[in-house]
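Okay, got some structures for you below.
There are two complexes below, and they share subunit A, which is joined by subunit B in the first and by subunit C in the second.
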Partner chain A sequence: MTWSDASLIAPILWVTLGGVAVLMTDAFWRRAGTGHLTAVSVVFLTIAAIYAARSDASGSAFAGALAADSFSAFFNLTFIVVALITLALGSSYFADEEQPLVEFFPLVMFATVGMMVMAAATDMITIFLGLETMSISLYVLAALQRRSILSMEAGFKYLILGAFSSAFLLYGMALLYGSTGSTHLPTMATAIQGVGFDRDLLFWMGWGFLLVGLGFKIAMVPFHMWTPDVYDGSPAPVAGFMAAGVKAASFAAMLRVVWTGLPALGDMWIDMLVVFAVVTMTAGNLIALAQSNLKRMLAYSAIAHAGYLLVGIVATTPSMTDPAARGILFYLMVYALMNLGAFALITLVSSREGEKVDLAGFAGLARRHPVISACVTVFMLSLAGIPPTAGFWGKVYVFEAAVRDGHTVLAVIALLNSAVAMFYYLRVVVLMYMREPEDEAYTGLDPQVGAAMVVLAVALLWIGLFPGPMAELARQGVSALAGSF
Partner chain B sequence: MEAVFFYVFGTLAVISALLTVTRRDAVASAFWLIFCFLSVAALFALLSAHFMAILQILLYAGAIMVFFLFVIMFLGKSQDRVKTSDWRVVALGVLSLIGATVVLTRLVGSTHAPFPAVADSYGGIEAVSEVLLTKYLFAFELTGLLLTAAVIGAVYLARREAPGSRGAKAPVVRGLTSQAATSTASSSAVQHEDVPHA
Partner chain C sequence: MHEGSPAEFLRWIVLLPLIGFAINGLLNKRLPRAVSATVGVGSVAGAFVLSVMAFLKLRALPADERVLVDHLFSWIPVGELNIDAGLMVDPLSACMILLVTGVGSLIHLYSVGYMAKDEGFARFFAYLNLFVFAMLVLVLADSLPLLFVGWEGVGLCSYLLIGFWFQDLANSAAGKKAFVVNRVGDFGFLLGMFFIAEKLAGQVGDGNVLGFATMAAHPELLAPVATVAGLLLFLGATGKSAQIPLYVWLPDAMAGPTPVSALIHAATMVTAGVYMIARMNFLYVQTEVAMGVIAVVGLLTALVAATIALVQTDIKKVLAYSTVSQLGYMMLACGVGAFAVGIFHVLTHAFFKALLFLGAGSVIHAMHHEQDMRSMGGLRSVMPWTFRTMFVATLAIAGVFPFAGFFSKDEILYKAFLESPLLWVVGFAVAALTAFYMARLMVMTFFGENRADANTKSHLHESPLIMTAPLMVLAVLSVVGGWMGWPEFLGGSNWLHHWLEPVFAGVGAHGAEVVGHVAGATQGVATHAVDASHAADALHTGGHSVVTEWVLALASLSVALGSLWFGFTVYTRRQSVATQGQAFLGGAPHRLLSGKYFVDELYEYAIIRPIGWLSDNVLWRFVDAVIIDGLLVNGVARFLAMIGHVVRILQNGLVRWYAYSFAVGVFAMLIYLTRKGG
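This part shows the complex of A and B:
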């Protein structure tokens, strides 16, 4: 390791240091509450964000294990924002317990490191290790409420199924290594070119297993079964972290593999991916209609959004056009923000009254908390893709690219799905504004979570009104990979 | 000569693996699994992957199997033995075996990659550690972080809540009705008491 290697991955190093620092703070400076731990984590995440935003150096670090470029910088910023909001939601949520769950802080930091590594990795070994670092931290985070039987179930289920999918991923990587002779993505790309891979069973089995492993993490149907149970059982801030972070990290790794490692194969697997995209969004939306529990509804909505994002990948792969690729990055960032907002609502409602996340619990919320209700309305409109919110532009970019790429039928199916999805998102809004509050309805207010929700809602509206700067950021992020197109 | 050893150890590995899954006694299964690991270690040694062979014996046949046996004996032999499998399960197993054999035989040798021949020292400790600390340095360091996260999680989940320590108050079970909550909570509290003794 040289100094330049370390400076290239400075944001990752600072978050790692932050995780260790917060562990040490808890060990040597134990006090009531979680304020001091939050402060330490936020300081290190801010330093990492400054390094990520200012990084103009790009290049390959650690003998090709990972790369620092505008693509990884974009995702570094995304993950740091996600981690900061998760800490804002979690620090008060977990401080309420009789025993503050201090493990929350280092595990969120380590999971963030894993996500950042996944987005920067240019070697399959690094991708796998990043994914495992993220997943192992999340298994524990899901089971963080040790006395809640639902939380333990979520952690255990996620662990068993996640280990199974990791085995698929690793086996796929081994077969790809056997087929191409390298785990380094650019080297794999050169090995693929020139040789007829279309009838190579070893290669296709490897690629199929790799897709299963990543498909599990992005909750692609038919590998989505774990999502509702795990989201439902996990503590609300952790579920939001999962929905926002894991999806973005897994898509980032997928984009790297597809664009850097296998650029020559576009047309061959595109039909398969079209089927997955259609099934994923349709199943997710239809099942979400029937949910009466907000957490499960958001879990199925997460599945549906994975389908929309797959539409984006379908649109980019063969011709590698710029707008669709830009759209995916934009969508992932916006998706992270609006999902964190929706889970912030659950954090708010569940932290005082047990895990009361039944849809009826929000009835009449607007009477008591007009500002919070307005924020929730923005999140739901954004998830449904209605202007003037940021979610609208995410869908416009992705679907427009699909049409331009000749996948008109796919875009129409995606639009129909969005129409179906509007029903269950708007149902929450209707409940808040047009019903009388029930006795069990939520009454208190946590200022920290409320502030986070206001910030998220303003950000989503701002991006929705002025999508230019964010789209430009996404375009720069994609341009790093454009060279390999 | 090498081929002879390969077939001997390969056959032993397959037979012991079969015995592992067919024995009804868990302890016998575990011992056959040790035998299987040892045969695979011999195969590694034949491939001049000495370091892997040593690790296979030390970690798998040694540490992990001791753990396995410890848990089996700790839990005690179950009185009702595993029932003979349904014929459908057996049929499914045979079918997947045939399928896997067909696919694997087609996979063998279908690589396009130019794998160069390697020297005898390829899998030695020196060669492995050199690659580990140069080319795969990042992966090596990241594994350390991964294990740190795993240790934090394991310590947290298995920690015993001593009476009188913070957090040892009445358990709260979220999301259940109050009556179910108290009954489950008390049973889970008992469970937590038991875990550290294991």
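This part shows the complex of A and C:
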């Protein structure tokens, strides 16, 4: 490790240091409360964000294992934003526990480090390292509420199935190494230009297993079965963190991987991905329709959104001006914001009344909390993809790219799916505004969570009205990726 | 078109009314009335000051560089369709922002007095400010989509303000009618925009695809869709500017408070259609068909509305039909290619029609919200200032020299005459009708005996200064406002024409600018083949144009005076005001006119009822109940229940099942990959 390597991955290092610092604070300062730990984390995340935003240095670090470019910078910023909001939600959520669950803070930091490594990785080994760093932190986070049987179950299920999928991922990587002779993505990209790879079974099986491993993390059907159980059982801020961060990180890794294989052999497996996209979004939306529990509904909605994003992957081609990849980046950032918002609502409700997140509990919320309800309306409209919210543009960019790429039927299916999804998102809004509140409906208000929700809603409306700057940021992120291969 | 000098203060012209809206809208009744009024009037007055600054800055530039731009942000970057949000002031929009903020300030001021006792004082100013914001976006937009944002914004405000007193069902019904009728037009507007976007996207580089500058720079790309896009956009204009066939909402829109009628439904919003067509002149000069349609529709509207105005008894309805009729004149001007003259009439009409409405509001205010002229009369002595100012406006709208209306109307008629004497004849008849119904309105309101009940009579009073002061300012403008277009044959310089010339440079030879610019016209011939015939006409008529102008001007002046005199004589001498119209016209024609040609009834039976029947019997009972509810909703629900059953087997919380499903997926994928790859 040289100084230049260190400076290239400065944001990752700062978050790591932050995680260590939080651990130390807790260990050596007995009276440190969640507020102090949040403050320490926020300081380090902010420093990391400044490094990520301002770094114009780009290059390859650690002999090609990691890349610092505008692609990783875009995702670093996304993950830091996600982590900041998760901490804001979590610090008030866990403050009420008999024994403060201080492990939450370092674990979120380390999971963020894992995500950042995944987005920066240009070597399969580093992807795996990042993925495991992230996942192991998340297994613990899911089971954080030791006294809750649901939380324990969530963590345990996630661990077993996660290990199962990691096995596939690792095996896939091994096969690919055997086939191409390298784990370094750009080297692999050059290797498969050679003759015979379209008929190399070793390569195709490796490719498939790799896809399974990443598909598990993004909740691609049929590797999605863990999602509802884990989201349902995990503490609400953790579930939001999973939905927003894990998805973005896995798609970042997927984009890097896909762009090595796609240019040469894309037509070989693209229709397989089309099938996955269609099945994923359709299954997600149809099952979400029938949910009466908001957390489970959002879990299936997360599956459906993975399907929309796969549409973007199908349409993507590595070029400087590729609208599809730009769309995916835009979509992921927006998706993170709106999902965090939706899970903030759950945080608000469940932190005071246990884990009661039945949809009926939101009836008449608008009467008691007009501002919160307005924010939730923005999140739901954005998830449904209705202007003037940011979610609309995410869909426009991805679907438009699909049509341009000749996948018109796929885009139409995605649009029909969006129409179906409208029902369950708007049902929340209808319940809030048009039903009488029930007696034991939620009454309290946590100012910290409320403030986070207002910030998120304003951001979504802002991006929805002025998508230009965010689209430009996404374009820059993609241009680096296109240049690196 | 010159690419423009940057001027970042333009955004504040738009933002000030928006801030005013935010303050009055959010704080609403928590604000004291004085604060609401100050914010409401002040924000528009501030915008007016900035508009004057923009105008002065523009005037200091050389004629062909008179464009100020304020690029705001990249708005819709989707693939090849790149649309920026930016504001632009050129000579045309400079006229419009001065009009909107200037007349707007006066009307805001007047409203302070008019709405003084109303419950929704702050709400009223919030809506009014929002309207000014949207209208300014409309005229300052540098691209068609942003113009459309303003277009929809003013439509929304119009709806909100027509139904301002929504407790009365008739008012909200009127608002709804305006909204729905406009929706038909807006659909046309959107389609027209899509046709243009489809031709331009990917053809004009990375620039602002639907920006006016971009479109004007590529007229050849627009040529294939000029007629269809032009007609569709014009359909939008018939909605907003109340032309046949979509004019029916405007008379009903009089349900709103009178300042709203003055600002939105007379001076500004309804002229948006004319503005849009003038703005898109580079498109319209390429299509003879659309231009012909615009001219004929404009003229017919002018005629039809003027005849209906003859027999209305509600003072605001007379003015509403008069507005429709005058808008027809403006469309006629655009249709014969005289865009600058159309805009000229927009400006002068704004002065005198705003004045007429505010005057009528003053009368209504005094009469305790009585609007029927049959109950008025003799108000001349009670309300001297209202009478004097409205009399000035009457002379202006009738077209008496040297009041404002004379210049613009006379020029429209002259341009129509150059296109075809037939157009002129009809336009001339409309001028006669206009003078007559205005004379009728003045006599019934201000002359003779007062016919109100005793209670109202005892409370008659002149309006307070805050209401009469705007009337006086507008009265002055109704006199001198036309002088900016003092024609050359009367020794003037026709300043407005020269001012607007850069905007309509492409029109060059198309009839509009020919007067005294024959040399300039020949240049246009070279560039625009379409215009060749008109240029020839221009050269032909150019020889005796001064004589023709004199003859036509004297003719329209004498018909205005004659018709006014005739109206005054007829109505002052007859005793029974209620029956005179009928006696004068005869039974059947009177019934036809007072029934407004039964167009509302025609629409009711030809469109609304069939749609209602279709919705009721086909869409609801069959499509909704049987297909959607029965087949789709319940069918899907049953289907889902089935899926749910299957899912419940799989999604049973048992991790081993999840792993099985996982494995099945892996096997399916492997089979596919080995068949494909191995």
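Note that in this section the second predicted complex is superposed on the first by the 473 of 485 C-alpha atoms of A that agree within 3 Å, B and C clash if a C-alpha of one lies under 4 Å from a C-alpha of the other, contacts with A are read in each partner's own complex, and residues count from 1 in each chain.
Methods note: a residue touches a chain if its C-beta (ideal position, glycine included) is under 8 Å from a C-beta of that chain, and two chains touch if they have at least 3 such contacts.
None of these values were measured; they are calculated from a predicted model.
Novice: Once the shared chain is lined up, is A:Arg404 touching subunit B (first), subunit C (second), both, or neither of them?
Specialist: After superposing on A, A:Arg404 lies in contact with subunit C but is clear of subunit B.
Novice: Which partner does A:Met205 reach: the first (subunit B), the second (subunit C), both, or neither?
Specialist: A:Met205 contacts both subunit B and subunit C.
Novice: Examine A:Leu461 and indicate which partner it touches, taking first as subunit B and second as subunit C; both and neither are also allowed.
Specialist: A:Leu461 contacts neither subunit B nor subunit C.
Novice: Please work out whether A:Pro228 is in contact with subunit B alone, subunit C alone, both, or neither, and reply first, second, both or neither.
Specialist: second
Novice: Could you look at A:Met422 and tell me whether it touches subunit B, subunit C, both or neither (first, second, both, neither)?
Specialist: After superposition on chain A, A:Met422 lies in contact with neither partner.
Novice: Going by the contact rule set out at the top, does A:Leu107 touch subunit B (first), subunit C (second), both, or neither?
Specialist: A:Leu107 sits against subunit B, while subunit C stays out of touch.
Novice: Is A:Ser148 in contact with subunit B, with subunit C, with both, or with neither (first, second, both, neither)?
Specialist: The answer is first: A:Ser148 touches subunit B but not subunit C.
Novice: Quick one: is A:Leu161 in contact with subunit B, with subunit C, with both, or with neither? Answer first, second, both or neither.
Specialist: The second partner, subunit C, only.
Novice: Just subunit B (first), just subunit C (second), both, or neither: which does A:Ile50 touch?
Specialist: In the superposition, A:Ile50 contacts neither subunit B nor subunit C.
Novice: Mind sorting out which residues of subunit A both subunit B and subunit C touch, each in its own complex?
Specialist: In the superposed arrangement, which is not itself an observed complex, subunit A uses residues 200-201, 205 for both subunit B and subunit C.
Novice: Enumerate the contact residues on subunit A facing subunit C in the complex.
Specialist: Subunit A residues touching subunit C: 153, 157, 160-161, 164-165, 168, 198-201, 203-205, 207-209, 211-212, 216, 221-223, 225-226, 228-229, 268-269, 272, 286-287, 289-290, 323, 396-397, 400-401, 404, 466-469, 471-472.
Novice: Considering the complex alone, what residue numbers of subunit C touch subunit A?
Specialist: 73-79, 640, 643-644, 647, 650-651, 653, 655, 657-659, 661-662, 664-666, 669-670, 672-674, 676-678
Novice: Any idea which subunit B residues touch subunit A in the complex?
Specialist: Its residues touching subunit A are 103, 106-107, 110-115, 134-139, 142-143, 145-146, 148-150, 152-153, 156-157, 166-167, 169, 171-176, 184-185, 188-189, 192.
Novice: Touching subunit B in the complex: which residues of subunit A?
Specialist: Touching subunit B from subunit A are residues 1, 16, 23, 61-63, 65-66, 97-99, 103, 106-107, 110-111, 113-114, 117, 123, 125-126, 129-130, 132-133, 136-137, 139-140, 143, 145-152, 155, 175, 178-182, 191, 195, 197, 200-202, 205, 350, 354-355.
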